[in-house]
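Lettered A, B, C, D and E in written order, each chain numbered from 1.
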Amino acid sequence: MPPLEHVLVISAILFSIGVYGVLTRRNAVNILMSVELMLNAVSINMVAFAIYGRVAFDNTFTGIIFAFFIVVVAAAEVALALGIVVRLFRNRATANVDEVNLLKW
Amino acid sequence: MTQAQVTVEPVVVEEEFDTVDMNINMGPQHPSTHGVFRMVLTVDGEQVKDVTSYIGYMHRGGEKLTENLDYRGALGYQDRTDYLAAFNNEWVYCNAIERLAGIEAPERAEYVRLILAELNRILSHFMFMGAFGTDVGFFGTAFTWAFKERERIQDFFEAVSGDRLMYNYFRVGGLAWEPYPTFVEDARWLLRQVEAGIADIDELMTNNEIMISRCRDVGRMSAEDAISYGVTGPLLRAAGVPLDLRVDEPYSIYDRFDWEVPTGLRGDVYDRYLVRLEEMRQSVRIVAQALDQMPASGPIMAEGLPKVLKPPPGEIYMRQENPRGEYGIYMVSDGSDKPWRMKVRSPSFHNLSSLRHQVRGSYIADAVIILGSVDIVLCEVDR
Amino acid sequence: MTSGTEPQAKAPPKSKRAEKAERIKEPPPPGGIADIYRAALPASIPVEAEQTKWDVALTVPAPQLREALRVSREHPTLQMDLLRNQTAVDWTDQGLEVVYHLYSTALRHAVTIKAWVPSENPSLPTVSDLWRMADWAERECREMFGIEFEGHPDPRNLLLDEDFDLPVLRKSHPLAPIEVKQGVDVEYFAKEHPRETPPVRKDDAEGDDERAQRIAAAKKQAAAAAGAPAETKPAQELTPEELAEKKAAQVERVKKARALAAAARAAKAGGGAPAAAKTETPAAPIEAKPAAPPPAPATPAPPEKKAATDLSPEELAQKKAAQAERVKRARELAAKARAEKAKRGG
Amino acid sequence: MPEIVLSEFAGLSLPDWIDALIRIVFIVALMTVNALALIYLERKILARFQQRVGPTRTGPFGMLQSAADALKLLTKEDVRPTSADRWVFELAPYFAFVPVFLVFIPIPWTETWIVRDLELGFLYVFGVLGLNLVGVVMAGWGSDNKYALLGAVRAAAQAISYELPMLLVSVGVILIVAARLTVDGGSAFGAVNLNVIALEQTTTPFILLQPLGFAIFMIGALAELHRPPFDMPIAESEVVGGYFVEYSGIRWSFFFLAEYTALLLLVVIGSTVFLGGWNFPFGEDVGLGLQVLLTIAKTSAVIFILFWSRAVLPRLRIDQLMAFSWKVLLPFSIVQVLANAIILAYGGGEWIIGITSLALLLLLIGLVYGRARTLSRGAGRSLNKQPARPRLITAHDPAGGD
Amino acid sequence: MSATEIVFYCIAFFMIASGLGVVLARNIVHSALALILALGAVAGVYVILTVEFLALTQLVVYGAAVIMLVLFALMLTRARERPQALFGKNRPIAFVIAAGLLTAFIAGIVASEWATTNPDDIEPLPFQEIGDVLFSAWAVPFEVISVVLVIAMAGAILLSQPDQGEQ
């Protein structure tokens, strides 16, 4: 097993990559994918804390349960967000968030 | 029949922008276009919004060629328009010339012609069953089953005419030669085999749940639309119009037999299949009766035909019921030894022109089976 | 309504052929479909009836053709709801005879309606709004005989190559060579290979005797070899000027039709597809088309096969360039062939 | 996480990596032989259904036909369309192939012949097999061919929709196993282990308890495997081969290999879960050698049924396929799972489960059959036949007009 | 360094490379495919961390369902035809922000004192207990999540349906 710090650093790197993607990408689908990366980085953290701190924190599974919920919520989020993107594309013929500057359809 | 309500609506492509439309080029090389036919499907996902047909890949100028050959010499070309119903085509062509020139074929020849033409109809419908089964997705089973029977009929035709596809057996005024001695017995045996084959196909396809749900209400065409598109043959009868030229504009000796014209109720793909299946049975009936009535001996060629055929000036639009519908030959004679104008009205051509009407709004898979149910022969479409 | 374009369409000039044709014309039996037509049609439409070998043929003047057909379709005593066949016959010097075969599925009677149009710039109103079957039939008739059907929704070639615009089923069209070089330098071949046998054959007195025919053919050949003036030259053979003129007219017509179609398409694409509208111009095939020089009828086909929505501008430009390249190459080849031929011939 | 241990393989103590190597070689050999054999058998069986003889020329009874085909495929040129996305196109076959390869791991061929006895075996199978789809979609998209794209989209849609009922009916079985495991206050741990599921069927195969489950599982397997009547992704008459239309040679054979391996695997899993796997029916204890034979026999029987269905069933349409999954199979499998759970929770006997499931299955069959009957309205009766008496053709009665 | 650790670092490297692929690929479908690899690698990390159940859930949910959704959206909207609009103008700023964030994270991680067990003493997680916990202590959140899923599903269906009134 690798030490906890290494897992955390790796998840931090993944999270930063996700942040970079969210900030630079213009396509809504791409932004969504970057958000997925961030979510996964977070859930790695959750799992790592749960595993490495299990003995120290009274054998609870909170972290893993959270990771599990994150997976589920991410699925819901992706479904919804893609619905919005498809809608956007349909109405404005673009998936580019910079071009969606009207506050109305 | 309501009057003149059939007008061409403009193409209403939905203005609503659903995702991106995609153009799919189906053909000229595609397993289910039944030849070199190309249709460009504009699809939204799986749904077909519009379809454009491109034909002419097989255009050989058969009409022009016929106009440059003498009446008898062009007979061989007629086999090649609809190669699945070559006897029927030859018959129409011979009949057209005979009517133009005032020749009457002897009765025995007429019987042989009718028997062969009806068997050819069965053959063609078997071909349809096979190809249509493949379109619907019977991985080759329908095809091989139907082809087994088709092979039998072809063997018979080979025995009669010496060829399996381009028979060139009919002549203006009769037949090329006497049918071989056991013609009648062989034909009877063949009929029994064919009847069993029809029953097999029926059992395999008709009541199959998937087949039904695939074909029911797909490609529906109302009688008015079908008539307006010039659709004839099984397609039109499936739409409920009992137009069969063997009955409605009788030619040859069809009035001597007892048979029925099947018509469908809904005009969908399934009805077309059923109509064709029933037509095969009716053809078997006709052939059986014709075999019984056929004179055992007699001339097979009209007497006193000139060596060079020069029908008097005049014109005829000779039409007969081919397996695919009304096959017409419009022939104009100027008194010389070559037809001045020969136009083939091919049923496939006009049936195919209704494809767009049927396909729009259905699924890609439906487009395939609708095209299959139209049962085109591309050689005939393009001529 | 749609008339007025062809004032001379009626009453073709009486030639020898026409006289002959008239002699053999046989009136239909009384009480038949011809009489029903006479009763049903308005008095302004003169009907000339003839009994063919099966049907009754009625000849109506071209300007009133559409009206006659409309009445055929709608009149309760006619109800001709099935247009079973539509074609034309090239009677060379008398013009073209356009033939409509009608049938009534309800009343079960058939009739043939005919109209004459001149060989030069023939034109008729479309009936594709009365019978949808006429859509394809008229397209075929148009490409085969060069008859323009006014108001046809989609006047493209159907069976032939899409930029092949010679009326091939006309008698003036030679048989073999053009099929070889379809679309490339057609005019050259038409000039080089005039139709060898006259389509109008003499009513030879030898009767059906095959031998006599052969003798006649041999005689003819000998006469040709002796350099006799081209007695065999068909009357309808056009002079090069006429041919060129006709071709130009045809090219013009086709161009017009294409432009119309392209405009309609562009309008459709513009309205229907924001994606295409977003990118630059949807497709501008009309401007891009070169001015169609007469010697090379192989004009680049406008990119009409694919909808504009399906091609990005880059792809479109690329495709267009490729097409232009192809046409150029074809032209070069044709020119080379022509030069070679000329060298050999001269 | 397994650390380095000496493991047992056929009675030998071997280091892990040699052990793994042996197992991998075994799997690869099995895969290849299986694909060759299945292709040959399918061709022969289909040929019999179609009144043909099938391959006869290569080897005795044409048995080497598949080998000859494989040889040809290996030596064939590997063509890549110029407009294809290079990496996606070239990697797609492996993405389609590797997940299938991985599914071999938890399969119990006999009681002890398992590559690795995974505790989450069942979940693992579905998790990994789902990744197969990535390769399919990559192939479809990367080929830059519209047919391929259509095929891939169809494959994806259909795999997603049919995985759900399959998983749910399997949950029904797992519920039963779990109930048995916890009956003495024990832990339900291991209820998703394929070998445990097989062990639970020494007396009664689960097909008797869950006939509906077996039917839905096999239907789902047909759909996952793109076999008729659910072969739209590769339908030749529609999308001319679907997602692998642009592939040739070795890459194409990878798809084929994956397809036939997946066929074997899904059927083995199906027969393990529902037919008792290596168990002799109704509980005879048999040796390991016979256990393999039993597995093979059950698998072959099911595979034969799949081949049969290919010969006699036409193809559904994509919307009908989706509707069938979401509107018919999914509700039925949910009802089945709920019924199982309720019956087990309230201590009902297992025979009640069996009867419920059978009733549901009959209802399902009745629904399908009834719908077809309604649609066809008696195929014969939707025709009108009119006697073809010669009708007198009068040129219309003039009295009508004038 | 044990075999497990070697595998872990390989997976981690793979994960980060794929993550970079997601944000840097010019072609959006390549991004999506890289995302699959990245998520698969995350599942691998879960396996290393002994949470196999979560890893399989990750594969089932992300590997099949989510990625398919993404690819559907991409195919249906043809996003790849507009590659020029992929990146915004603020790349340097974004890089600075991301790098700063990463530095802060690493600094925090290194600086913190973690009360953890020795990695070598960690027992594999008894995942059957996850189920127990999930359906006892976490039962209400679990139900709420399922409601969220249902709502999301309904919303997605509603969103992707064509308008009826709008012509």
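Heads up, the rule we're going with is that a residue touches a chain if its C-beta (ideal position, glycine included) is under 8 Å from a C-beta of that chain, and two chains touch if they have at least 3 such contacts.
Being a predicted model, the structure only gives us computed values, none of them experimental.
J.: If you tally the C-beta contacts, which comes out ahead, D-E or B-C?
T.: Pair with the higher count of C-beta contacts: B-C.
J.: Taking each chain's centre as the mean of its CA atoms, which one is farthest from the centre of chain D?
T.: Most distant chain from chain D: C.
J.: Based on the averaged CA atom positions, which chain is farthest from chain A?
T.: If we average the C-alpha coordinates per chain, C ends up farthest from chain A.
J.: When the C-alpha atoms of chain C and chain D are each averaged to a single point, how far apart are the two points in Å?
T.: 58
J.: I'd like to verify one number: the distance from the centre of chain A to the centre of chain D, where each centre is the average of its C-alpha atoms, in whole angstrom.
T.: Comparing mean C-alpha positions, chain D is 34 Å from chain A.
J.: Measure off the straight-line distance from the CA centroid of chain B to the CA centroid of chain C, and report it in whole Å.
T.: For chain B versus chain C, the centre distance works out to 27 Å.
J.: Mind checking the centre-to-centre distance between chain A and chain C? Centres are C-alpha means, answer in whole Å.
T.: The mean C-alpha positions of chain A and chain C differ by 67 Å.
J.: I need the residues of chain C touching at least two other chains; which ones are they?
T.: Answer for chain C, listing residues that touch two or more other chains: 76, 108, 274-275.
J.: For chain D, write out the residues touching at least two other chains, lowest number first.
T.: 1, 153, 391, 393
J.: Which residue numbers or ranges of chain A touch two or more of the other chains?
T.: 1, 86, 89-90, 93
J.: Provide the residue numbers of chain B that touch chain C in the complex, in ascending order.
T.: 1, 3-4, 6-8, 11, 13, 15, 17, 20-23, 40, 42, 54-56, 59, 61, 63-65, 68, 99-100, 224-225, 227-232, 241, 243, 248-249, 306-308, 310, 312-319, 326, 328, 330, 332, 334-336, 340-341, 343, 345, 349-350, 353-354, 357, 382-383
J.: Considering the complex alone, what residue numbers of chain E touch chain D?
T.: Those in contact with chain D are residues 2-4, 27, 29-30, 33, 36, 40, 47-48, 50, 52-53, 55-57, 59-60, 63-65, 67-68, 71-72, 75, 124, 127-128.
J.: Give the list of chain C residues in touch with chain B in this complex.
T.: Within the complex, chain C touches chain B at residues 17, 20-21, 24, 52-55, 57, 70, 73-74, 76, 79, 81-85, 87, 89-90, 99, 101, 105-106, 108, 110, 112, 128-133, 135-137, 153, 157-161, 168-169, 173, 175, 179, 200-201, 203, 208-210, 213, 268, 271-275, 305-307, 309-310.
J.: Provide the residue numbers of chain A that touch chain E in the complex, in ascending order.
T.: 1-10, 12-21, 23-27, 29-30, 32-34, 36-37, 40, 43-44, 47-48, 51-56, 60-61, 64-65, 67-69, 71-80, 82-87, 89-90, 95-96, 98
J.: Considering only the defined contacts, which chain D positions touch chain B in the complex?
T.: Interface residues on chain D, with respect to chain B: 46, 49-52, 146-147, 150, 153-154, 228-229, 231-232, 235-240, 310-320, 368-369, 371-372, 375-376, 379-380, 382-391, 393.
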